[in-house]
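So that we are looking at the same thing, I have put the structure below in structure tokens.
Chain IDs A, B, C, D and E follow the sequence of writing; residue 1 opens each chain.
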């Protein structure tokens, strides 16, 4: 199948003599956003189709976890995150990271820029608006403790957009992707951020593209093709943020974006983090994986399917660089 | 006639206007963050601006709703009939049906997705799950409401159970059925929205989710407006259907013989 | 009397109902005969078991003891062989008057056209032609009872079981209905068994009146009404009729008290 | 007596058991991922194991529910009375009340959060918003249902409007009020769960959300079991309340005078 | 008659109702008098306006023309000055029999204890003492009407307006009620205006009977019933009584037809 991957010039020929397309389903971790751009670029450019892949992007919904869709075999690949991969592994629902979307952890603690909070330490006793995931509290309190605080705060589970809750003063801080902050700023929000990696939280990959061991085994060649093209998509988006923004808008369901300026700023941020200088997009480092696993297991927040804390986990099984050589 | 229309709906209109005006003032003067509460005018502008997109999503949701409602009606009718005809089935199912109403849909989402995928299926199923209960209960009540003497009469005519059902019990249960359908129709669009959290590409619920994540609050409110209109539309449609299907029912409850109101003793 | 053939004959019929775990005797060795084309009435204190008896005759239930012989036949099912009419008119509000009248024929699967023809004919003969296409809701109480009676007659005009058909009508309307029913009965020469609380009604309409005791009901007495037909309201003022009325009244008051 | 109890609830119990067994088999034999659908036995084990945590959250949700329901009842009564007494208010409010039922609470969450914070306030408010409508409608129906002749009678006695209300209309509306309350009570716990997504630290809804995010599906189902039990408990409680408050109503609808069922003509 | 003082006197009373935008005349120049302690009945075709008249007398509405003089007073409000009883017993199911009987006194804010004493006394005098603490649901139809009558009497025993109080009862029960009401009336010497469809009822109970025309109602005729008191059921078989009954019946049938 690999040799079917031809140059764009041959594409018209390929469509003239239709070859059998192989269906591949992809699940999203959020409404379409610049983390997903590479996929949308490749799809809009017709690269998947040329390579014989009929890509189905499953609609995102708050209640369908992309990793679960993969473990259930309802999706072949999905956007997820290192936190979730570890969580699932502990619950005996193994998924494998095929690629890191961004080279580094861009997640931040975000608060209003009104001078009341100057450093993570000041967040002690404040209201934290969370998604309700089990890894949030340990990570956030690590950052606060690292800055000399006690790491105690009120954990309020919002279920809805955390940045909005911060802006409207319903909570004092939240933990989000750097991308989210860029977009909120584009909307005019005045926000202050603390990068968690600067405060004792290891650098790890989020989001990631994941798949299941079963799919990797059964659809190996198809995945290989998919990942190569996806890599091309992210390469393109890395180099042409403006063009990529347009393709993202065109590819995402109608009505996803209400504000293009906001999106452009987010895309510029994401494009600058897709691949570090001199590195290929998606490649992951075993040391980084081990660091996160060690870190999060120590907090006792990762539990098995009997809800008992997990003490050890083989981090090398959680990812592969096989598809992004 | 015209005057009575105004005196009937006038107060509600005026109150609605006052509330809208108050809202407008509050958002303007109270310096409210439009991310939290957009002004009514802003919602209207958004409605106009996003009309094409909104329309698309609305059509999808409407389709889910109508299909779901139709299937729910069929299921409810069949179930009500079976429960009515077979005592054991009824005593076995009724308590469980009531119990089932206390289960939040969220829990079923993953299952529905696995069994039915991402197409319209699971959303329609959620609408059915929401709507069939009030219709079933209304149908059973209606069928039960047949006066015992009427059944006696039919039995004395040697009517079979099916004839009793067809000639007397079903037609007699129709008014009750329609009142159940009215309630179901009102809630059906909200049910469809819930169904969309199972996973969907289109629909007002999805649009709301997009808008929430994009912090486009005016769009969220615009979707709510459309949703309310959908509910009202379906409600009105059922009422229309009822008037067409049961001319005898409404001519009775309204005024009797034209002009002559001499009400002779009847009971 | 012995010469005329018999429409229903009830022989030593007893019936008990289960009420809150106890067996309550309701009918006790009832003996009663309705000759062909005769008008027989049944009066008795409230709750004594009059309706229960009609219930049994109509074939809606079986007696515990004794037998009910319908047109000489005590074996086969009685359902569908009597025209049974209850106190309420029980018209179907979604059917027009004529459609209501043919209900029994619908049950018998008579073709619609034929049934409607018969109904219209009957409605015409008994002064209801103008209302044939009205919904029942537009009729007065008396009109409704007439329609209900015609429905009963159209279904089965040999034996009519009427359970207080005029109980819910006002005194005046009731009197008009008596004349109308007498008329109807004479023109179709049906056998009628009428249950009523109204002694004058019973006397005016009947050939024979059975008086029942309080529950458990037995037949206390049987009276023959000696008045020529067709009767007029004035006939009720005849000395012997008034005496009969007072006798029955006294008897019933006695029973109601116990 | 005992036999009738069995024949009444037996079929439902048997069906429930069969369904549970089928579920157990399906999860075991069908090789279903326990993350999607845990076996009933697993849910029971989880209930036992997480009991302490669950109990904590349940108490919180129950408090929200009961407080919300109580306040909803008060609001509904007051509103129904005002709408009943003042025609203009009624005509102004009724259509808007119906319209308000078509608004999904989810969309209001951010607003409620802003106005009422994270304490019990907004959750109780959501319960009130969910529950006061059926109660209000039932109350108004009940008050309206007073026979006109009864009002005539009172007026002929020169009874004031308040006396009419107190002596006749309010007591007469109680059965209807209770049937509204019964419905509201059944839905109140689900309403509380919805209220919790407004943002909360505790409660069954939060526990469910947390369990969902932690992919602890058995815990999600355990919460649902508790939720159903809460609904049933509240439903039963309202029925009990009704029996205590309206002894005349139930003695009437059940069998009349003990033993002697001689039903004298009454109408 | 002229010497006895007058309980109600109705002078040229007319009333129109608005029905679907049209004014429908219901009462037309009604003249009628109820002397003190007299029993007056009003019969007329259905829907002619009998209830409307009682409605006006009870002070629930005002006549368009004419005047209603209650105990010599035509000016002040009439509400609360008559005991008004409608066809249905209208007992409150959540009140026991005695609590139902004191409803009028509750409205008048009579202390509970005093009111209950009076009610118990009344119930005892008229044979209902055993049921004082029952809920109405446990009573028969006749019993309910008795309780309703006593409620009316306890509220106001000078002038009773009774609108077909026995219309819903069966023929036998009704006859017992007639005797009971005659008893009650004689022992409290109230003035009564009774609306009925039952001519025998009117004759048995009344001193005077007014016959009304079809709508718009006028007074067609006034009859005095010449029978000594207390009356017995047998009295109705007297020749002149039967003639009176037939005369009124014919008159009413005529009116019903039009």
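By definition in this document, a residue touches a chain if its C-beta (ideal position, glycine included) is under 8 Å from a C-beta of that chain, and two chains touch if they have at least 3 such contacts.
Protein identities per chain, from UniProt: C, E = ABC-type nitrate/sulfonate/bicarbonate transport system ATPase subunit.
Not measured: the values here are computed from a predicted model.
**Student:** Given the touch definition stated above, what is the smallest step count connecting chain A to chain E?
**Tutor:** Steps on the shortest route: 2.
**Student:** Just how many steps, at minimum, does a route from chain B to chain C need if it may pass only between touching chains?
**Tutor:** Counted as steps through touching chains, the separation is 1.
**Student:** Look at all chain centres (mean of CA atoms) and spot the one farthest from the centre of chain E.
**Tutor:** Greatest centre separation from chain E goes to chain A.
**Student:** Between chain D and chain E, what is the separation of their C-alpha centroids in Å?
**Tutor:** Comparing mean C-alpha positions, chain E is 47 Å from chain D.
**Student:** What whole-Å value do you get for the distance between chain A and chain D if each is reduced to the mean of its CA atoms?
**Tutor:** 42
**Student:** Cα centroid separation between chain A and chain C, in whole Å?
**Tutor:** 84
**Student:** Which chain B residues touch at least two other chains?
**Tutor:** 36, 106, 110, 114, 264-265, 267
**Student:** I need the residues of chain C touching at least two other chains; which ones are they?
**Tutor:** Correct list: 46, 140, 167-168, 170, 173, 197.
**Student:** Hunt down the residues of chain A that sit against at least two other chains at once, touch-wise.
**Tutor:** 63, 68, 72, 160, 164, 168 - these are the residues of chain A that touch more than one other chain.
**Student:** Which residues of chain A touch chain B in their complex?
**Tutor:** 30-31, 58-64, 68-69, 72, 74, 160-161, 163-164, 167-168, 184, 187, 253-259, 262
**Student:** Which residues of chain B touch chain D in the complex?
**Tutor:** Per the touch definition, chain B meets chain D at residues 7-12, 14-16, 19, 36-37, 88-89, 91-96, 98-99, 101-104, 106-107, 110-111, 114, 186-187, 189-190, 193, 208, 217, 220-221, 223-224, 227-228, 230-232, 267.
**Student:** Using the touch rule from the top, collect the residues of chain D that touch chain A in their complex.
**Tutor:** Touch residues, chain D against chain A: 33-36, 46, 49-50, 109-110, 113-114, 117-118, 197, 199-201, 206, 209-210, 212-216, 219.
**Student:** Of all residues in chain E, which touch chain D in the complex?
**Tutor:** 55, 58-60, 77, 79-80, 82, 84, 86-88, 90, 92-94, 103-104, 106-108, 135, 137-144, 155, 168-170, 173
**Student:** Could you please specify the touching residues of chain C with respect to chain E in the complex?
**Tutor:** Contacts found on chain C: 45-46, 140, 164, 167-168, 170-173, 175-176, 196-201, 233-234, 237, 239, 242, 246, 249, 252-253, 256.
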